[in-house]
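What follows is one structure encoded as structure tokens, with my remarks underneath.
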Amino acid sequence: METVLELNAVVKRFGDNEVLRGVSLSLHRHEVVCLIGASGSGKSTLLRCANLLETVDEGSISLFGQSLLSPHIDPDLVRRHIGMVFQSFNLFPHLSVLENILIGPLHALKRDGDEVREEALALLERIGLRDRADDFPDRLSGGQQQRVAIVRALAMRPSLLLLDEVTSALDPTLVGEVLDLLRDLARSGTTMLIATHEMNFARDVAHQVAYLDHGVLVEQGTPEQIFVSPRHEATRTFLDRVR
Amino acid sequence: MRNLRIALAGLVGVSTIGVATLSSGLAANASSYSLATCKTTIAAQEYAKGKLTVATDNPVYTPWFVNNKPTNGKGYESALVYAIAKTLGVSTSNVNWVTEPFDSSYTPGTKKFDFDINEISYTAARAMVVTFSNSYYDVQQSIVALKTNRIVKHHTRADLKTYQYGDQIGTTGLSFINSFIKPTKAARVYSTLDQAVAQLQNGRIDALVIDTPTGQYMASAQITDKNKKLIATQVGQFPSVGEHYGLLFQKNSPLAGCVNVALAALKTDGTLTKLQNKWLNIYTSVPVIKP
Amino acid sequence: MSLEQEADALQTPPRLFLPRRRQLLIGRRGLVASTLSTLLVLGGLVAVFYLAPGGASVRFFFFNPHHMWHSFIGDPRQGLSSVGRGLIVNIWIFLVCEVLVLFFGLIIAWTRMSQSPVLLPFRILSTTYTDVFRGIPILLVFFLVGDGLPALQLGFLSNQSPAVYGCMSLTITYSAYVAEVYRAGINSVPHGQTLAARSLGLTHYATMRRVILPQAVRTVIPPLLNDFISLQKDTALLSIFGAIEAVRAAGIYASTEFNFSGYVVAALLFLILTIPMTRYTDHLIARDRSLRLAAA
């Protein structure tokens, strides 16, 4: 399988605080990788480094074999291939649902308006929010907002999606609808790197699960390996705590 | 200079009326008081008992005062105040000077001085809210400009309308510009005379209109370039329109009567003329131009 | 107290009424109370105005209808400028400056918040600029511009009308204020918005233009209007350069007629201009507040 994203011995520091301590990880086409680990273990930072929202101190990151840390790389072009969804949605409150989805294709990709509109409406149809296209985000429930945020990322036709604890800010009753959408995406072959606290979801959907502890990628494997017979004591302790 | 709108009733032949006002006014007031009575009553009428409190602005200008020091008895207005004091039996040491900006000299409320001497023009409108003494100086307006300005050579009635004038707020010069010259460009109005002079110096205005003695002093001593070279000239003075300066009193101040008596006495014995010759004469021989 | 007594006491319903005195302020009686207190306060002020020892003289010197009207219309034959006509100068200076200030303020704020290394000198410059011109009394800026520029003898720059120098001084000072208002507005947009926009591949410029500025505008409008209200009043400083605007016209009237009613006229005219703006600003602030409360 083709390697989409590859991190090699990535180190990230904030001042004296080493948040990522030589993390290596690769993501192949159509693959779903779930990152698990306690809050503050470096999951979010890892995702942000992957699309250059954070600079990297050591190591290398490559997308389709091209090093992203080369000075000749245009970060804006990189980000157009990598979709990102945030814990707190970060929809643009001054734009309607439809405009939120259109802004990337129109103003980053400079695509044709009518065509993009058709696609955006089709995406909204797919998540059952077509009739809310002209509403502003604050009229939507948290679950609906997060699904719009996912669709906003998808509208860029990214090569991969980064999802940063996308259900953590949601009311428990609304978590399901978001996870269902992600399952749906996984089934249709979307390449995703998902930071999550939802262990059952990770077990269902992930091809690979990686456990991150204080900036160290302790162990990586299939869901069975990680959840049923973890090799490391730290992984076992963590899983016992969250179950 | 601190003057105002000239009493505008009919501009023809006003010069003669002006002179008439001066003499007849003095005569009328003098009849009700005598110098001897005044010397005994003055103490009770003073703002600060036993002191004659006289107000003027700060800074003050030559030839009305010298070296910005009202107390030195030099300059026409300073010398006049001491002459009035002497006539009324007030000793020199009992004349007390206080600072009063022109703008606050006419504010309502009790004035903190016996009278203000600050080249303030008598007008009927002003006389409704303050009391003026009779004239202590009959004044004419003149034009001051830089020597290089076109106005020096070209000042026919039509030419005069084309210049950019500027003046201090509240001055007769300003009223004169608006009511006699009627320029096509609105005159600029500054808060202080210094500002107007500064604008003249750097060529922002073509000319300012000011009483003849002050204007002559500006041209002959005050306005210089950075090498201390005199750069201004008095283009000429306008015919009298009957304007005169008076001392400004609290409305209906009882002291005004006695001061008028003193002024009359100073006029009769020739002191007034003598002081004018001494302090103002060199500044008043200026050609007359017709607006 | 025995346990029984305590139980009894608990069965007596607790007192829940307001004290009788405060009951007078409820409902229609409250309206009566507020009317009464308004009348009392206003009446008191009017009484002070009429009964003060100097009341009559203040009414004559400041609120004289004849002088108010006369100063409003002016009289060119007597060299009296019209306060009303003067106000037109204030208004158009204000309008011109408003546009200039909005523009330059944005440029300064943008420069100050830029990240490009090439712009570093401009970043330092704009930071210094806002520090300096927010700290200098505006009167001094007027003197520096109005007397300094002509003295430089820079041809075109040194040969402008008082209105132009006035506009320059106001624009210089208020651009510094408004730049800070913009900056505060931009900073008030949550960082997540920038992250979301950049993660869509929008450039720094597109992020600003499409995402940050449109949101910043909403928070920025009330403080911006506040600055405009004081800008409107500060147009009176134009008189320093000899321009005859409303306040200077009133000053000319006062020094000519020895009556201050022209100042009151000027004050009233300024109020007519600024009150709609202050009311509108308050309305926007209240609306923004209720929107945020509804969202929370």
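Per-chain residue numbering starts at 1, and chain names A, B and C are given in the order in which the chains are listed.
Simple rule for what comes next: contacts are C-beta pairs under 8 Å (C-beta built on N, C-alpha and C of every residue); 3 or more make two chains touch, one makes a residue touch a chain.
Nothing here was measured: the structure is a model prediction, and the numbers come from that model.
Q: Would you indicate which pair of chains has the most C-beta pairs in contact?
A: The largest set of C-beta contacts joins the chains B-C.
Q: Which chain has its C-alpha centre closest to the mean of all protein C-alpha atoms shown?
A: Taking the mean of all protein C-alpha atoms as reference, the closest chain is C.
Q: Counting only C-alpha atoms to place each centre, which chain is farthest from chain A?
A: Most remote chain from chain A, centroid-wise, comes out as B.
Q: If you average the Cα atoms of chain A and of chain B to get two centres, how far apart are those centres in Å?
A: 86
Q: Taking the mean of the C-alpha atoms as each chain's centre, how many Å separate chain A from chain C?
A: About 47 Å, centre to centre.
Q: Determine the centre-to-centre distance between chain B and chain C, using the mean Cα coordinates as centres, and give it in whole Å.
A: 42
Q: Tell me, which residues of chain C touch at least two other chains?
A: Residues of chain C touching two or more partner chains: there are none.
Q: For the complex, which residues does chain C have touching chain A?
A: Checking each residue of chain C against chain A gives 190, 192-193, 195-203, 206, 210-211, 214-215, 218, 295.
Q: Show which residues of chain C lie in contact with chain B when the two form their complex.
A: The contact residues of chain C facing chain B are 54, 57-58, 60-61, 76-80, 147, 150-151, 162, 239-244, 248, 251-252, 254-260.
Q: Under the definition above, what is the set of chain B residues touching chain C in their complex?
A: Answer in residue numbers: 4-5, 8, 102-103, 106-109, 123, 125-126, 128-130, 166, 169-170, 174-179, 186-191, 195-196, 198-199, 202-205.
Q: In the complex, go through chain A and note every residue touching chain C.
A: Touching chain C from chain A are residues 51, 53, 76-80, 82-84, 86, 88, 90-94, 103-104, 107-109, 138, 149, 152-153, 156.
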